[in-house]
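Note that subunit A is present in both complexes that follow, paired respectively with subunit B and with subunit C.
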Partner chain A sequence: MASRLATQALRELVSRWAILGALALLYLAAAILSPDAFLEPAYVGNVLRQAAPVAIAAIGTTLVMILGGVDLSIGAIISLSAVFCAVQMGGDAANVGPALAATLLLAAGLGAVNGMLNIASPGSSFILTLGSALAFYGLTQLYSGGTARGIVAPGFREFFNQRLGDVLPVLALAMLLIAAAMELVLRTTRFGRQIYLIGSNREAARLAGLPVGGVTFACYVISGLFAGLGGIAVLARSGVSSTFTGRGFEFDALAAIVLGGTVFSGGRGTIVGTVAGTLVLFIAFNLVNILGFNYNLQLVLKGAIIILASAAYAWLGRER
Partner chain B sequence: MRNHPSRRTFVGGSLAFAFGGSSLLAPLAAHAQVDRAAQKKQMAEPVDTAKFKKAGPYTIGVAAGYMSNSWVVFCLQHVRWEASLHKDVKDVIVTDAAFNPGKQVADIEDLIAKNVSMIIYWPVDEKAIQPALEKAIAKGIPTINAGGGFTYSPGTTSNAFIDQYVLGEMVAQHFMTDLGGKGKVFAMLPIAGTTAAVDQLAALKDVLKKHPGVELLSAEHGDWNRAKAKQISENLLQRYPKIDGVYSPAGQMSMGVVEAFEEAGRAKSLVMSPGDEYNGWMKWVVKNQKGGAVTFPTRAGQEATKLGLKILAGEPVPRGLVIPSEYIAPKDAAKFAEMNKPDDWWASKLPEQFKPK
Partner chain C sequence: MAAPAAPGRHGAALAAHRRHAALRAARSAGIWGLLVLGTMLAAVLVPGFATATNLGNVVTQSAALGLVALGQTFVIAAGLIDLSVGQLLGLTVVLTCALSDGRGELLLPVALGVLALGAVVGSLHAWLVNKLAIEPLILTFGSLSILQGAIFSYTDRSVGRAPEALRWIANERLLGWPVAGALLVLTALGAHLLLRRTRFGLRLLATGDDGESARRAGVPVARIRWGAFVLSALGAVAGGLLVAGRLGTGYPNAGQGFELDAIVAAVLGGTSLAGGRASIVGTIGAVLLLGVIANVLNLLEVSAFVQTLAKGAIVVAAIIATRAPRSQVRPGAAHAPVADA
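Coming up: the complex of A and B.
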């Protein structure tokens, strides 16, 4: 009995932190295969900056996933936020503050729509947020008229792309700080604990008097808000050349979240895991690219990583 | 069509876009490099316009495969502008299939039911809409492909299009001149398998045969995406300690490329090929006085409208009208760039009231 419990605890420990081991191993392999790149601090800074938009958006969605839901609309919110923010900036540095505030308000508002839908129809988050994703893409087209017609304010991109100590871009630092703050929220606040409890057993949480509706609403608002931040991050990293900038980001984010140990059934997951999962994906892509393999191999690799991770978590999480 | 996202996005109503983006869709748009001599002959073939001849007033139907892309937005505005110049054109009706070939078929059928005088279209999937286009022709409504690859089939009366190979060749030739005939380069191309990617790479390779001093290190696919082009360039900068130039005919990708070089401190000696008249790129050319542009004219919409009106008047037109790409030297870029307009914008001769709002 004791040994069974010990095995269970070990499995729990491994499954929680496996992604960090995988990240370390992958980084080591990358450093050996391409030392010029991966042992170069500025390049590591590049990888962190490349990952920032997806990682930031994925952080918000992790909360929804721990809650037992999913948010497929973040790609659409990223697209709309990036276009909207650039339009609000209008090429004038004085507009940066109001533009960022308006963008985050819009993104949180779209998250609130998802929140209300999911309170009204719990358990249907996949189809509800798929529907809202299509609606948000439609709104983006209506709003933009088909062109990413905004003009980014001077200094905005320069600020986020500058490197602290010639190594770490501000955007990458922002991503790390946001991740740390959200990990703290999950671990130390009552709100964080409520998310885990509701995700573990929604009905029991309701019977125990937890504010299931309120927490659900808040998580979707946060997911929308972080997708908005992701849109701003894309704008900061590379500028935007289309009205579908965030297309596909939702699945990169979901892949990163699942890689990080968050499960679709809810109740488990960490922000650290999500960020590590994102980095695993990006390091793998970069490595394939640097080694000169075919682009399509990246897709194969992406699929293989997700399948392997998912299988590993299923194996670690099974009851004996 | 080079900047058409039919080769890069599939959004409305389809889950396909979600699972891995455009690359999965490339086979849908795959075209082998065409037999250029045969195509030239087909293009020159005259259209029998007598069966379409009718008196005005005219209604122009536009069956857009999608509208969510700045190039097609400008293309459509050119249709509207040209229509406004003809008193006998009373209306322009536009449908948007939002990347759904099935909807585009229905849209074309709707336009036929509304008895439009001609149908201008850009396809999501050319083959899927051919039967609907043939129905239009059977009812005496000519169909004109605006900006897509040259289509020689019974459903397409005529084409106003841009030759990707010629464009790629012009870009490559100016690139070789700027490189001085030697150096290590890579190519940044659109989605693998598209006409644009295949023809542009073929043109580059043909030009390279005459310039043995230039080594093509790698051909990459940035999918018309500025962020992706930047990410790939960042990787290549690590992989190759020496890169002298980049062949990148699409301006929005060129912007991602130069940004990666600038951030790596390796932009000073970089030779960029001409891009196109994408405004963000034109602004860069004005500022840096290098690169230049070979145009991918958005006036394809205007030329398609003119073709359609000639067909309705019973005048002779060919099956294919090439809209020639033009070279804009860096010193002339300021005449074309609109410095106070967004990056996602196209240099054009559209009057102010017809520019997108």
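Coming up: the complex of A and C.
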């Protein structure tokens, strides 16, 4: 009995810290395989900056996943946000503030649409957000006319890409700050606790009088909002605002979230895990490139990581 | 479906079963009613719709999605889902055209080869769900990515040619009837009998309704799930053969979006995403309805952007309109791990 309890506690401990261990091991392997790159602080800063858009979007979607849902429309919201923001800026530095505010409002509005749909039909978020993703892509194409549109304001990219102490790009720092803030929200606020409770047992939470509908709505709005931030981050990183800027980001985000230990059935998960999961993904992508493999192997790698990670967590989590 | 505990409960269960059956019949009748209504409206309002050639084209173009949707109906009925079908279809298109390269004598071996590959993919899915209790959604999302990566590692442009015989099956008519359409009708008939008239079909519905109860009642749940995933993969491969015949060449993006269309067709046709309820007749009606809508939008020369938007709206509306009542939502129940061999 005691040993079973100990085994269970050990599994719990392993599943909680597994992703940080995996990140450390992968980094070590990367440093050995390619010391010129991964031991260079500026290169590590680059990887952080490269991961920032996906990580920021994934942070918002983590809330939805803890709640027991999923949001596959973030790739479409990132695309629309990037195009919309570039058009609103119109190449004029004076427009940056209003453009950012309008973009975040739009992204949160799209998240609100997802929220209402998921309140109307709980338990089908996967299909619902696949459908809304299509609709949002349609909107993006209509808005952009199917090509790249809009001009980034001067100074906008320079601000986010400048390096603090010649190492850490501002964009990477922004990602870390956002992650820390959201981890705090999840750990210390009533809203955060409610998300975990609803994700663990929606029906019980409803019977206990928790505002299930309101929290669900808020989580999807936050997921949309963070996808909007992700879109702005993509724009800051690359300056390109084509129709399909964010296509496939939902894959990366979902892979990162599952890697980070957020379970698909809800009730468990952390922001730290999601950010670590994103970094594992991007270090792996960079390794694939550095080692000279075909770019398309990234897709295979991503799929394999999704499956292996969920198998590992399912194994660690059983008998609980 | 489970063994009755008491006569009263048995009566209640039977009543619930009949209510479900009635609901299912109403929904598949509803989708066919909508199909007839939509076709009549389009015939009156849309110039060029109501010609024998165009209607034949709608059927021919719907056949591939029909085969994929039939397979998807089985997995969803079993309480699972298969998101990998689109990319498996794409892989089939590329492999069939690249390997046969227009040589008719190679069609049969290549077709058998890709069907075998499909069976392997389906078996792997079943094995991973049964042994490791991975969520089918996540699992097949992952394999979608792997299959896509496999396709594009192989080629990023169209390769090879489809043999003449395959093009004939996919595009031509026999005695005025589209061959692909006839193929779909025959497959649907077989699928209907398999679901309603065989022990496998009944056990599949019981598994989807409540995996744990089905297991206790002696249903070999793991084997049923294996059958469902293999059927889904075979449907995707068969659909891929038709798409290869239609396109005539191995286009790597051919399967993009098929998974969503197939799920929507199944759900619109009265198959419950919670598992346990399915209608083959409804799925076919929904596939034809989607085909009519796409055809009308094309005839009206609606822009591709608006078509994308409309499709998304239809998906969302379909899910909202066919959602289960609150009491029927049992998240997670259908995917509980099973211990039987």
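Definition applied: the second predicted complex is superposed on the first by the 317 of 320 C-alpha atoms of A that agree within 3 Å, B and C clash if a C-alpha of one lies under 4 Å from a C-alpha of the other, contacts with A are read in each partner's own complex, and residues count from 1 in each chain.
Keep in mind that, in the parts below, a contact is a pair of C-beta atoms (placed from the backbone, for glycine too) under 8 Å apart; a residue touches a chain by one contact, two chains touch by 3 or more.
What you are looking at is a predicted structure, and each value in this text was computed from that prediction instead of being measured.
Touch criterion met: A:Tyr137 reaches subunit B and subunit C at once. Of the two partner chains, both subunit B and subunit C are touched by A:Gly146. By the touch criterion stated above, A:Phe126 is placed in contact with subunit C alone, subunit B being left untouched.
With both structures placed on the common chain, the touch criterion links A:Leu297 to subunit C but leaves subunit B unconnected. Shared-chain residue A:Leu117: touches subunit C; no touch with subunit B. In the overlay built on the shared chain, the residue A:Arg11 is in contact with neither subunit B nor subunit C.
In the overlay built on the shared chain, the residue A:Ala311 is in contact with subunit C alone; subunit B does not reach it.
Across the two superposed structures, the residue set of subunit A contacted by subunit B and also by subunit C is 134, 137-138, 141, 146, 251, 296, 299, 302.
Every residue of subunit B that touches subunit A in the complex is listed here, in rising order: 5, 9, 11-13, 17-21, 23-24, 67-70, 72-73, 192, 218, 220-221, 224-227, 230-232, 234-236, 238-239, 252, 255-256, 259, 263, 278, 280, 340-345, 356-357. The part of subunit C that touches subunit A in the complex is made up of residues 81, 128, 132-135, 137-139, 141-150, 152-153, 156, 260, 263-264, 267, 273-274, 303-316, 319-320, 323-324, 326, 329, 331-332, 337.
Considering their complex, residues 68, 70, 117, 120-124, 126-128, 130-139, 141-142, 146, 202, 251, 254, 258, 264-265, 294, 296-307, 310-311, 314-315, 318 of subunit A touch subunit C. Contact residues of subunit A toward subunit B in the complex are 34, 36-37, 40, 43, 46, 50, 72, 75, 86, 91, 134, 137-138, 141, 145-151, 161, 234, 237-245, 247-248, 250-251, 286, 289-292, 295-296, 299, 302.
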